[in-house]
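Each chain carries a letter (A, B and C) given by its place in the written order, and its residues are counted from 1.
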Amino acid sequence: MERTLTDVMLRRERVTSASGGEPVVHCEALVTETTSAPEFIDITEDVERIVADSGAGSGQATVFSGHTTAAIKVNENEPLLLQDLARIISQIAPVHGEYEHNDFSRRTVNMDEEECANGHAHCQHLFLSTSETIPIIDGRLALGQWQRIFLVELDRPRQRRVLVNVVGVR
Amino acid sequence: MERTLTDVMLRRERVTSASGGEPVVHCEALVTETTSAPEFIDITEDVERIVADSGAGSGQATVFSGHTTAAIKVNENEPLLLQDLARIISQIAPVHGEYEHNDFSRRTVNMDEEECANGHAHCQHLFLSTSETIPIIDGRLALGQWQRIFLVELDRPRQRRVLVNVVGVR
Amino acid sequence: MERTLTDVMLRRERVTSASGGEPVVHCEALVTETTSAPEFIDITEDVERIVADSGAGSGQATVFSGHTTAAIKVNENEPLLLQDLARIISQIAPVHGEYEHNDFSRRTVNMDEEECANGHAHCQHLFLSTSETIPIIDGRLALGQWQRIFLVELDRPRQRRVLVNVVGVR
């Protein structure tokens, strides 16, 4: 079968199929204190443990950041690479750039007692993801060889809360 | 337990767990006429209402844009910040930049009667998301304090259709 | 009902609702050999076929790349546009740029026998998605008129594996 643009062939492989199983919905939070920005916190093992405890044999896990200045990303956990990623993120929207959101003389909306100038963190978040959804096969995350799940802190160090929401069947 | 890169501790908190409940799948569309670009339309309350009417106590809602030049994003609804985000989006792929997609003298594929030069909107969309998936806890979207769901218009004003697809248990 | 920023009206349309149906979870892999980078491989028809064979009448399909240097994106399949998208991707993180990840004199982690200098591909992936989740309505992907699903190769040609994970009800 021909593919557009390139004559790439695609081969289908059956992985798993469960029909009529007992539905499972299971949600836990991961709470952490971040220490800098941009910071990559590898939460893969913790997510894997929650998936195992959920009792779901197949389905999916959505890893969701409850924050507008902390993101979820899947990439490789290689320390030099994480330096590259941090540099690229900081270039898109530099911490010392000009942001209307940081103009507290004009801003009236969502002004918090601890409000900090964090326009750069919101703008960096625009290009990243609030969540990632990962298939569950045989009760485990179906991650590829190099894939790790990161919470990415973009703002100043603070407490962060990530939801791990499993939807599937036993 | 030590984390890579930083010695961040992660604490687990049980949120909700439902096993054996009655499965719920519920889908509605939100239809709107946009007015400019980039434009951020806050659809959070409408999505929240659909989730409430779905009857799902837990599970997740996927908010899906049916368009290649309108995106879904979760961020803060602060008017000055939305100006920052609009500026950043316009810088990635400027409306008056050069795009092969706009060369109607050479283009033969997907030529519509109302075809407009919108290469910039497709290129901006490359960095944004077609959908966002949000956990449902106790029949409500589990959004953090500042999180709001936006339909982001990148192209000329027109009718747009967003699907809100709930998958969970009663 | 008024919307923030613009007085946009949103109209709700019921699409589908299934309660108490038999749960379906179905997962297949699509395996392919890519040929260049950046390369867009349109996998829409193959995903559509897997959804049809899953037996799910409603729910959702998550299309998941098992790789840190190959992404999933939904956009239009117009050949000139794909040239624009490839150019923009190559500009974010150029193949001949400087990446710490490529410094094999210092790097000690995740060194593979076939290790290649691919820092650019990881950095490009930061802005793209590992997965996309698409609603299923009446047993079919609920894609808009111009939406096509692409596997995007960012690294050298190689074998790639995409999971299509359906969660829904019969």
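Observations, loosely collected:
Going forward, a contact is a pair of C-beta atoms (placed from the backbone, for glycine too) under 8 Å apart; a residue touches a chain by one contact, two chains touch by 3 or more.
Treat the numbers as computed from the prediction; the structure is a model and nothing was measured.
Chain-to-chain contact here is organised exhaustively, every possible pair of chains being in touch.
Two copies of one chain, chain A and chain B, touch each other, and the residues they use overlap weakly: the shared fraction of interface numbers falls below half. Between chain A and chain C, the superposing rotation on Cα atoms measures out at 120°, rounded to the nearest 5. Averaging C-alpha coordinates per chain places the centre of chain A 15 Å away from that of chain B. The multi-chain contact residues of chain A, meaning those touching 2 or more other chains, are 22-23, 77, 79, 127, 129, 133, 167.
Those residues of chain C that touch chain B in the complex are listed here as 1, 3-6, 8-23, 58-60, 73-81, 83-85, 88-89, 127-129, 132-135, 137, 142-147, 167-169.
Those residues of chain B lying in contact with chain C across their complex are 22-36, 39-43, 45-46, 49-50, 54-55, 62, 64-68, 77, 79, 82, 92-93, 99-101, 103, 106-107, 109-110, 119, 122-123, 125-127, 129-131, 133, 161, 163, 165, 167, 170.
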